[in-house]
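Working notes, structure below.
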């Protein structure tokens, strides 16, 4: 009995260590990403000067001018634009799916939204360039490759994230809330909007923050439709260059300081993402406690 | 909640209409350029004088209003769909959907590039670290032979060598060729033709860009590097042996409905530096 | 609008408001549907006419613009990245669900990092993969470097799905197994994991979906060679990268759309499978 138990116990212990080690890999991965990005990006940033790099408005690598403020502003503005579209349509669609959609229609729409999430971002870029951009060009003039085009496409791209998260949050609200409101004489619509939606607030916000992350980090679609001018965005119809686009446009050519400056751009983007993630987990914890 | 959403929505619509009125003034030239560092852009700005020399430093004066793209296709489809756009692409990728303007009265074609009368042209270069050997040297011999040069001409580029037919030793081995995305399409054709006459060899073509091609050839990561421009600055001192395999014209393209047929180098420069902003100024 | 308004006014107001709200919600739903239909039609109309047998030739050359090598590369990439991320993701989840004390700091920290991983955009993964695997580890542009990068990207997806699936396995299963004298390890491998298999599989399929659609992270790690590499140290492009490269060159845009159709079909099939699995899971749980 003892003999057979010992190797078994050793195995149990060994496997527990293996499981724990695997669990640590996520931590190691995040650490490695931080180390590699910062180690390669910060020296370049220091050489350019942190202030000059972050607040400079001229990006001309050939003349050693590296200011990424226009890109930071562009990334933020494009994300806000995408959110306006994504939130309005996304949250309302989630409400629609959860409380208004007839069952047969739901069976079609739900897989459709999952499909929307699975379409590669390059395809959104094609679509934007051939459909959205000409629409903007014809109705508003200009080149059409613009911030607005980027906002619209990104707004569409974050829809599945926002819809799915919001729908889950809405469905998680106890039915007693809704029934209570109905019992007090409210209409179906009013109960949903006044009672259920506010109760699902934190889940909906979590979805929106995830959407922010996706919009600010999107690359391949944006690069095709945003025009990529490295200047301060001044109009919805002017082209802008986001941080992600800046990296991809020039990474192939960059050497020495230019390359470090691009990696530093990635570092700035990464810091943005970390901040967004922290907001997300704080909100989520709040939601869980409720 | 709903009111807030409605207000944001209204503000958004208002912004759209307002900005829309601001920027629609027919005939404003929409300049489309390639990204910084692209071989096509490098050659274009040098030949048209968009790049100026200032205190020994080369300054790219391309207007910051120019739409930038890293893709020939985005340039072409923008010009195809926008009556006010102007762009430039390699002669080999020119399609019938857009109009190539004459430069100084000369239309871009294989003939005008060959005799030098079309001004905006650039070399396609390949380079090896020191003297090439084995498959790499044999492949270069093939490219420079009449067989290889015919492949180049058939694809819309201009041949540069008058060597005789290929008579190689057919060595075996594998080499990697990489660099300029402008040279890549014709290099793929050359590779296919070469592998037919020398089945012993395997050639891998990596597409990236001129600068990477040169630096990786110097590092020895690539057996042969490709660049759609001449070597510049520190690149010349890396001990690279450069062979010019073809010439390519850069076609200046406008929309088919654009009535402009001819532009001078000076006009092109003014358009790309942002001095000329309206089509009525060049008509 | 305030609650102290008179009741009759409220009701009148309520009717109009109800109709308006209903209309807005319907419009949003229809808009989402319209976008989806438009997008799919756009891909199909541009791509379907260009799907020809020559697109599926064994070897790529500039004449046939075959997507077959890219297809094989996609399969290899999926296989490799699941090979790395699968076991690690599942084992981590086993640790989190079966061994770790619930609510411990360590677990919270792992959750936080895995959520962080989920949120990192693919371009950052691409740059990281280039700096670490391609440069620092001297792998060069290779399938292996690409697969390792993507493995990190899909790790949290698999972890999360597995953890949820493990939590859904009723405790009675474990107690039963312990009661019969099985050790913890045996219980996990013989009882708990098989019971959680469909949920885990759904996570793996989600991961596959991400690998299939990925471009930005692969350009800087796996390179863009349009052939099937001889081994995992060679460079090769997947379908999504193939589509992007063809488009960028501007000469084979039609084939690029055709590739988009193939990708769309792959995504639909993957979604269908994961839906089917999810339905089975729900039935079992009921």
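All chains are identified by letter, namely A, B and C, in their written order; residue positions are counted from 1 within each chain.
The rule is simple: contacts are C-beta pairs under 8 Å (C-beta built on N, C-alpha and C of every residue); 3 or more make two chains touch, one makes a residue touch a chain.
On a predicted model such as this, the values are computed, not experimentally measured, just so you know.
Chain contacts here are complete: no pair of chains fails to touch. Here A-C and A-B are compared, and the pair linked by more C-beta contacts is A-C.
Distance between chain B and chain C, defined via averaged C-alpha coordinates, is recorded as 36 Å. For the pair chain A and chain C, the distance between C-alpha centroids works out to 15 Å.
In terms of their C-alpha centroids, the spacing between chain A and chain B amounts to 34 Å. Shown for chain B are the residues that touch two or more other chains, namely 2, 70-71, 208. Residues of chain C found to touch two or more other chains are 21, 247. Within chain A, contacts with two or more other chains are made by residues 88, 130, 193, 248.
Chain B meets chain A in the complex at residues 1-2, 5, 8-9, 12, 15-16, 19-20, 22-26, 28, 30, 32, 35-38, 57-60, 64-71, 74, 77-78, 81-82, 84-85, 208-212, 215. Of all residues in chain C, those touching chain A in their complex are 11, 14-15, 17-19, 21-22, 24-29, 31-33, 35-36, 38-40, 42-43, 46, 87-89, 91-92, 94-96, 98-100, 109-110, 112-117, 119-125, 127-128, 131-132, 136, 152, 155-156, 159, 183-185, 209, 212-216, 219-220, 240, 243-244, 247, 256-257, 260, 263-264, 267-268, 270-272, 275. Listing the residues of chain C that touch chain B in their complex gives 21, 61-63, 140-141, 223-225, 227, 234-235, 245, 247-251, 253.
Considering their complex, residues 2, 70-73, 75-76, 89, 93, 181, 184-185, 188-189, 192, 204-208, 221 of chain B touch chain C. For chain A in complex with chain B, the residues that touch the partner chain are 60-63, 84, 87-88, 129-130, 133-134, 137, 139-145, 148, 193, 197-198, 223-224, 227-231, 235-239, 241, 248-250, 252-255.
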